[in-house]
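The structures considered in this document are given below.
Each of the two complexes below includes chain A, the first together with chain B, the second together with chain C.
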Partner chain A sequence: MTYLLYVFLLGFLLTAVIGFLASWFDRKLTARLQYRIGPPLLQPLYDFLKLLEKETLIPKASSQFTFVSAPLVGLISAITVSAILWASNMDPQKTFIGDLIVVIYLFLVPSISIVLGGFASGNPLASLGASRELKLLLSYELPFILAILVAVIKSDFSLRLGEILLAQAKNGMVAVSWSGGLAMLIAVICMQGKLALVPFDTPEAETEIAHGVMIEYSGALLAAYHLMKNMMLFALPFFIIIVYLGGLKVKGLPLLYGMLEYVGLVAFLTLIRNTNPRFRTEQVLKFFWGPVTMLAAVAVGLALGDY
Partner chain B sequence: MAKTIIPIGPYHPLQEEPEFFILTVEGETVVDIDLRIGYNHRGIEKLCEQQTYDQVTFVVERVCGICSTSHPFAYTQAVEDILSIEAPPRAQYIRTIIAEGERLHSHLLWLGLAGHFLGYNTIFMWAWKLREEILDVMEILSGNRNNYAMFKVGGVLRDIKKEDIPTVQKKVDSIVPTLKKLRSAVMDDPVLHARTKGIGVLSREAAIDYCAVGPTARASGVARDIRKNSPYGVYDQVDWNMVVTENGDVFDKVLVRLGEMFESVKIITACLSQLPEGEIDCHITEVPPGEGIGHIEAPRGECFHYVRSDGTNRPERHKIRAPTFMNLPTFKKTVIGGKIPDTVITLAAIDPCYCCTERMTVQDLKGQKLYTGEDLIRLSQEKTDQIIAEMRR
Partner chain C sequence: MVLGQEIFHVDALALTTGACIVFFAGLTLLYSWKFALGSGGRLGYNLYLLLSLVAALGVVLTKNLVILLVCWGLSGVFLYLLIGYGTKERTPATAKKAFIIIGGTDAFMMLGVVLIGQISDSFNMGHLRLSLAEPSALFAFLCLLMGVLAKAGMVPFHTWVPDTAEDAPTPVTAFLPAAVDKVLGVYLLARMVLDLFLMTPGMNAVLLTLGAVTIASAGLMMLRQQDFKRLLAFCAISQAGYVLLGIGTGHPLGIAGGLFHMVNHAIYKSCLFFYGGAVEQRVQTTNLDRMGGLARPMPMIFTGFLIGSLAVSGIPPLNGFVSKWMIYQGIVEVGREGGGLWVLWLAVAMFGSALTLAGMMKTVHAIFLGQPGPDLPVATGHHKSTPWPLWFPPLLLTALSILFGIWAYDLPLKHLIFPILQQTPISLDIWQPTLATVLILTALGGGIMFYFLSRWSKTLRQTEVFIGGETLDAVPGMRVSGSAFYDSVQELPVYRAFFTLAGRSDPYEVSAQFVTRLCGPLKNMHSGILSTYLSWCLMGMGVLFIVLLLR
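Right, the complex of A and B next:
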């Protein structure tokens, strides 16, 4: 029963609903920044349902099994990671040791599924997009893990999300310290990369490679990708809230704070994506491996020095 | 490393028009580019030879939806060259105002698109919002937002009303603060610098060799502007500066166009205040045999029209050379050696307008021409008949 609750109700349904809402918020805010009116509240849902009704084309040149399974693998891992996050958030005592590592892995899978799908579709623009996604992945992963390491150090070298939460409940949020604040900033920037939003949207880059990896996807498979992306738009900020901001408390006033934190994070992502042009591929690599990794290393050093 | 072909086009979200770039790439580096146009050929020149002199003005207005004043302007100049007359002063002023309004909206349109190509959609929306103001001005002046129908041989069709001038002036002034904001958004953005500086460089020598025109040439330090070099309209009677920069990269092309927008505002303001009283048309009745040329500075560069008259009421030959035709070959210099992500903005940096540029010939493999103009017309009529017959069925 608890598994059903976490995996289906929280991991899938609630995450999808919040993901759609976040997607709407992102589009609406973007529209207002650009003197446009923006879509109605349910537009992301309409888009999703419309895609489900559309014909799903599978290109002859593609490697069909991988092409079809890639979006599903991505979607399933997004559901799994949300379920684990919800479970740790609701009941910090009960989670298993090393779930942080599992979560980091699972956050990788959606990106890898995009790479697989892109290479499998047999389209030159898609494989270009896939190779860019791969480069993007290599770029942000190192600083992202370093940034998470700060939270691990802060909670006495624990690799369990529950213990990170409990440590924060005892000592205050990780983000309030120097190292924690810096690490959170880095994690947010890496999140921008993980979500492939401008300035890091090189794998899709509509005007360069015509949506790259997504170019051959249509109908239900594209819908699965969109759902996955919307769910990641919830799961990633939620992860950051758990690791740096003491988690989401599900009752009373703290719930409101938690929601505000989440909305604030999404708004920040939207602002960044609307005030920057797209980086080039090698500029992304230089940016993440240069200043961002440096800062992440500094944050780890500060955390070790107990700042 | 293996060479791959990356197609951009014939239908690609980068471009509003059908054209086909074939990029040969090694990894992400472009090693060769080939270009195919002709997907949208409409036979305008041939069409012009079947219309009267007054009708041709409206046909050439539809060569391009953005340069919808440049082509009539150059065409009327060509016919006036045959007639050896000049339009009355008031008409010249009105023509200049309309031409500069067109330059403003065209440059804003390009700036927005350039932002879009770089993934900077906020600039795209801001620039197009600002462009609406200009389109409003054009609507007040001409009654139309895009195809103004203001020109005729020997003058203009529509006068500017005295009571409209303050409104127009106010609207034109109102865009200056936003334009400054837009300029600082472009100048201060480090990511934008990283994406456009040193990208798609067209050296001064290459610009001269390839006969680049307009902002493309001026960004490479070639001080070439028909409005200064061979003044027409009233460009020699108002005070303005030619904007020239040295580096020839995409960033400089942005700078040139931004600078020109401020100059355009200056020119419109001066023209509105100096607007003389008088006739707007010198009532032409006949065009004698002869030939004439008209060339003007369109937003994208020199637009050239040649008209030959045989004394009848329609041109015997009408030749159009739009600026993009001269700027397209510069891709050989600017794109090759660059990266794929840079190709997009480099292709866009000349502000290409393919429908103006469309040419077509049908050749066999030895380069022998297979069809003449008459053959093509016959083919197209047969095709039309065939389609009509199919639709009736």
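Right, the complex of A and C next:
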């Protein structure tokens, strides 16, 4: 029962609140970069509530059940992964074996839910968008795994988030080394892909395929997707903070550092997305499988050489 | 006891693999009952199925290497005969190819068995633990390994599997290459690693590298397939790579993971082939381009296929995730001992899941979701339903795949896998996915609620899809089938180079070319002209005379 409370309070409520704030920050910063004033603090929440009230359209497509469940399953997996991350951050001693692998796989589920929802809508544009989401997933997954393996090597070959945190508490952050810094940079670039932000927003590409995977979604179901994306906007940077920056300390001054790290990561994502054009699908593939994977391999090599 | 020798011996490994074999044979017999076969009698078909069950059981239950070899060979023969029940034009050629690859490697196995007999003075598979430092033992190991790779469909002897999947009847594919042949191959590999030989780190590295190559190359091949049975076959090859990877680690956790993955793989791959066969019976095609939108007429088969696809991609909390997780742990344990290659193996293994996911999602879209194919009679909704023997066996397997995922430790690991190793390599504080499962079920419940609300609620409305104001009927060219999802991947120079290499390295084609070249001069001598033959005869006689004279 306490575990359920943990999932609800930290995994869902806190993550959602921070996600909404991050989404506001992202929009505000974007507006300032474009010399606009930008939305008020609660705008993401207003948007969410408004969507909940709106009429929900369900296309007469191949599988309506898949269409309506996909956003909910995606949301649930975002909650689960946030709960696991919070649990290991709060109590590194008590994590389970190999939770790193569980987290990596759970991070795939929101993408899968978006893909399946797009597939099920029966819209050709959504199918195209979903196929692009899959190609995006194929492209960032390889360097992302290599970048995480750097942290695994640095923390004495452990696939346990708790031990990665404890090793960092003892030896200093992973990011403060040549290999760790490089790996973190790669992980942040892959995170940009995982969040499907510009320049990797091929699955949605408003100007070509009119939001692609999301094209048929409206009302409450779209609200669920937005909530999921906002939560991922917290969960993914949080994961990077845990793996490379020693986790969030929740007491005293270190909390401020942790928050600064998080805000810095979100600001970095926002800056990238506002200063770049969208890649074409094959450019995304070439970019991730080419230079990024090479760099990731270099980072792994450096880590094995103890740099 | 026969002829003063103990022939049959049942231990935990034999028990687990034997139980698997019997279980899948039963399901396949049930499934085949209503499956429309091509030519040939049903009696012969069922007989061959049962005989291959007996042969497979013979392999796993015997203690004698010679008996094992005989049963192993027989199972290849029955595979050949069963493939022959396919109705495609290429079926005979495919059966021949499978038979030659498996039979050819059997010959090497025979050599290996003889060598083991030479070294240890008996053909009993007790706890031999031959040292691989000895060249003859190493050679015997490699010979047996060839048999394992061919039977289990691993690179480089995997090429018979996709052809068989395409041209053999679907239940045969689901039974032999997808389940029992894999189980047999892995059984022998486990015997070799656990009992027959004392593994060295070098040999383990060979196994791990083979496994990684298998995962990556088959995963990449999956992306470009147009026929879903062929695609599933490449998926099966890729999964066999994980088993090789797990057993190659030499660490108890990795070996347990490999064996568990073998069981899991047999479960979901048979399941996917069974569901695929039901679809095939309904729409009379396996071409991904021509299908689409079948989730509406076949909702249950769609759900099962989707769960199977997610399980094979290793999505938690399904069974594929648990075994992959154990294999990854095993690889990291190898990493502790030094060297940098393990990073490569681990990264390839984890990336392989993404490849599998991409390939399976493409299949799910092309068969069940997206827009209905233009010439599918089934899309209209007027058709006869699928008979129960075609959906019940895979449904059972789907249930197993969920159960083995959620209660992995309590059900399969404790009772089937750990007894083989005679130890428990993981402690209890592994991930218990019960809570996550409950949450996912809640989400699905919410989905069901939403779905029924949409029938009468005012804030929910059913609409046609919006494609910029066009309709699919008016512009049918806008249909996206899914078979071309990864064209931009295929256009990459790296992928094209890989594909050319893969096309050239089929051992069957290579040896066929070699044999053709070798026989070319002999063939040319047979010109059919009498005078030429006579002059050859005279020359031969002349040589004979000279030899006899000089003696």
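Everything that follows uses one rule, which is that the second predicted complex is superposed on the first by the 303 of 307 C-alpha atoms of A that agree within 3 Å, B and C clash if a C-alpha of one lies under 4 Å from a C-alpha of the other, contacts with A are read in each partner's own complex, and residues count from 1 in each chain.
As a convention for this text, a residue touches a chain if its C-beta (ideal position, glycine included) is under 8 Å from a C-beta of that chain, and two chains touch if they have at least 3 such contacts.
Keep in mind it's a predicted model, so treat the numbers as computed, not measured.
Of the two partner chains placed by the overlay, chain B and chain C both lie in contact with A:Leu125.
When the two complexes are overlaid on their common chain A, residue A:Ala210 makes contact with chain B and with chain C alike. When the two complexes are overlaid on their common chain A, residue A:Phe157 makes contact with chain C while staying clear of chain B.
With both structures placed on the common chain, the touch criterion links A:Ile97 to chain C but leaves chain B unconnected. Of the two partner chains placed by superposition, only chain B is touched by A:Val198; chain C is not. Look at A:Thr281: by the touch rule set out above, it reaches both chain B and chain C. Chain A residues in contact with chain B (one complex) as well as with chain C (other complex) are 124-125, 128, 210, 281-282.
Residues 3-4, 7, 53-66, 68-69, 72-73, 75-77, 79-80, 96-99, 101-102, 104-106, 108-109, 112, 115-116, 119-125, 127-128, 130-131, 134-135, 137-138, 141-142, 145-146, 149, 152-153, 157-159, 210, 215-216, 219-221, 281-282, 285-286, 289, 300-301, 304 of chain A touch chain C in their complex.
The residues of chain C lying in touch with chain A in their complex are 292-296, 299, 302, 306, 310, 314-316, 321, 324-325, 328-329, 332-333, 335-336, 340, 343, 346-347, 350-351, 353-355, 357-358, 361-362, 364-365, 368-372, 426-427, 429-432, 435-436, 439-440, 442-444, 446-448, 450-451, 454, 458-468, 472, 478-480, 482, 485-486, 488-489, 491-492, 494. The touching residues of chain B, counted against chain A in their complex, run 4-7, 12-14, 28, 115-126, 129, 189, 191-192, 194-195, 339-344.
Those residues of chain A that touch chain B in the complex are listed here as 30, 33-36, 124-125, 128, 198-199, 201-202, 205-211, 274-283.
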